[in-house]
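The following pair of complexes shares a single chain, chain A, combined with chain B in the former and chain C in the latter.
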Partner chain A sequence: MLEIDLLLLFMIASAIIAVQVKDLLSSVIAVGAVGIGLSMSFLIMKAPDLAIMQLVVEVLSLIILIRATIRKDLPFSASGRWAFNTFSMILFLAVFLVFAYFSFSDMHRFGAPLMKVSQEYLGEAMAKTGAHNVIAAITLKYRSIDTLGEVAALFAAVVGVLAIARKVSRPGGIRK
Partner chain B sequence: MSRAGNKGMTLIVKTVTRITLGFILLYGIYIALNGETAPGGGFAGGVIVALALVHVMLAFGRDVSLKWLHVGGLRAAVSIAALIFLLAAWPRGQRIIFGNDIILPVCEMVIVGAGLFAIFVALVLVSKADKEAE
Partner chain C sequence: MVTYLLCLVLFSVGLYCVVRKRNIIKIIIGIGIMEYAINLFFILIGYRSNGRAPIFADDQAVVNMVDPLPQAMALTAIVISLAVTMMLVALAIRIYEKYGTFDITKINRLKG
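Let's turn to the complex of A and B:
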């Protein structure tokens, strides 16, 4: 698994750059590099569905971050309150390490996951649903309610945006 | 880029956008329909459709794209797709009613594409309103 280790190093380095760099555009591009590395590692671990999803969502979120949020006159404060910042950083790091110790000691070894429900899905999905892609069979047949909730959230987004954009399409209409 | 966003990009970008837009939309629909046999699915296809719309908006500028954006048609399409999805995915007992391998990904594609594009439009409009307020 040398490729995975190299990609993890690349992603960690990009994340540190994204946090530390001063320029906002460079920071956004470093975040994009983290996402592309994640997509490549999905591809190496033989999950092309997740790789496609991660790639397209990464491109879209990168465009949104660059186009819609970056401006030159953003208020930006990096200085001041260093005592509080250092204290909170150490506190959250300690909490994270404690919880990570307990949860990682309970986790299964990488490459040997716990297979209870997934084993049943893997064994019976092809015969029961007739789909060739087991992931599509699981997301559309076994867990359709999950997709329904996701669609409901996006539907709410569309309705909200149509309520906002209406003011623009009728100029001056709401101010009269 | 965002300062000159009202006018859009150069003629080269506009021409290439005009040529490639159909192919990008077709690829999104292909990904959505082919999710049963190959990697992909309704969500990835919908994101690709949203990317095609974002592409048009970046190339031609905000005002032209918002003029093209047919609010009533978009609302009707999204509402019909959500209704079909709700009917198709509603569980009755053990199995879903008519969960088809074609209908569900297409409805998911329509809703995801419109939703993500709508989020982009909302962020652009909010940043424009901020800029006007300053």
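Let's turn to the complex of A and C:
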């Protein structure tokens, strides 16, 4: 698959730009490029539901990140053992990638998935659930408890954001 | 094989950003890049050569579908990652209001 490799190279380049550029707003925009590349690669990998969802989530997270970075300057501090820390980090990542290479050689080949559970889903999803889209059948029928957990996590996150971002504490609070 | 490794390189870029950078927004960005790489890895595992999207059609027999189970898992993970990003950004904004900086080496004293 040449297309997915090219898209991955584009995403890696955008990610490196996002990590290394000093301006925070440019960094956030570069992350947006990574997300759009991810959406396109979902489309190439035959996952249209995920491509749509990724596009929506990407736009939303871009808006949230821009809200955090707008009109805030970045004092860049480069003190400390810069060379030693960077060298040790890159060495660790190289060891990580070498180990990953050897463990990938034991995995199944790219383009030939195992599909032990999924074969059953693909065979009987249409007859049992009546859904044309197998992904909708899995998320809403076979594994609907999982989706319930997802909604619960989303609700917990919203409650957490409200609690964190609250400006005024209670009238009888400890301070203010 | 090369595709798996490239996906892991993307993960490594995010990990480098989280461990090495000092700005909180950069750390949030690194966590986001790691989430992208993991979601993509799920889809790469489930891909089948010359496969088709797992959607049935009435007028034709669709064979050779890709694996739908990792896609359903990744669909959940994407929404959770949005919630995580939202919460991290809220924390970062509060830290900026309290300390006036995003630099994690300067946020080392109790204040309040």
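Simple rule for what comes next: the second predicted complex is superposed on the first by the 136 of 176 C-alpha atoms of A that agree within 3 Å, B and C clash if a C-alpha of one lies under 4 Å from a C-alpha of the other, contacts with A are read in each partner's own complex, and residues count from 1 in each chain.
Rule of thumb we're sticking to: contacts are C-beta pairs under 8 Å (C-beta built on N, C-alpha and C of every residue); 3 or more make two chains touch, one makes a residue touch a chain.
From a predicted model like this one, the values you see are computed outputs, not experimental measurements.
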Taking the superposition as given, does A:Ser26 touch the first partner, chain B, the second, chain C, both, or neither? neither
Go through the superposed model and pick first if A:Asp5 touches only chain B, second if only chain C, both, or neither. second
Figure out whether A:Pro48 sits in contact with chain B (first) or chain C (second), or with both, or with neither. both
Is A:Ile16 touching anything from chain B or chain C once the two structures are fitted on A? First, second, both or neither. second
Is the number of chain A residues in contact higher for chain B or for chain C? C
Considering only the touch criterion stated at the top, classify A:Leu38 as touching first (chain B), second (chain C), both, or neither. second
What is the contact status of A:Leu148 with respect to chain B (first) and chain C (second): first, second, both, or neither? first
Given the touch rule stated above, what does A:Ile135 touch, chain B (first), chain C (second), both, or neither? both
Of the partners chain B and chain C, which touch A:Ile70 in the superposed model: first, second, both, neither? first
Intersection of chain A residues contacting chain B with those contacting chain C? 48-49, 53, 57, 60, 64, 67-69, 132-133, 135, 139, 147, 150, 153-154, 157-158, 160-161, 164-165
Residue numbers of chain A touching chain B in their complex, please. 48-49, 51-53, 56-57, 59-60, 63-64, 67-71, 73, 131-133, 135-137, 139-141, 144-145, 147-148, 150-155, 157-162, 164-166, 168-169
Sort out for me which residues of chain A touch chain C in the complex. 1, 4-5, 8-9, 11-12, 15-16, 18-19, 24, 27-28, 31, 34-35, 38, 41-42, 45-50, 53-54, 57, 60-61, 64-65, 67-69, 72, 74-75, 77, 80, 85-86, 89-90, 93, 96-97, 100-101, 104-105, 107, 109-113, 115, 117-118, 121-122, 126, 132-135, 138-139, 143, 146-147, 150, 153-154, 156-158, 160-161, 164-165, 175
Residue ranges of chain C in contact with chain A within the complex: 1-10, 12-17, 19-23, 25-26, 28-30, 32-33, 36, 39-40, 43-49, 51-58, 65-69, 71-72, 74-76, 78-87, 89-94, 96, 101-103, 105-106, 112
Given the complex, residues on chain B that touch chain A span 1-2, 5, 31, 35-44, 47-48, 50-51, 54, 58, 66, 69, 71, 74-75, 78, 82, 85-86, 89, 91, 96, 99, 101, 104-105, 107-108, 111-112, 114-116, 118-127, 131, 134
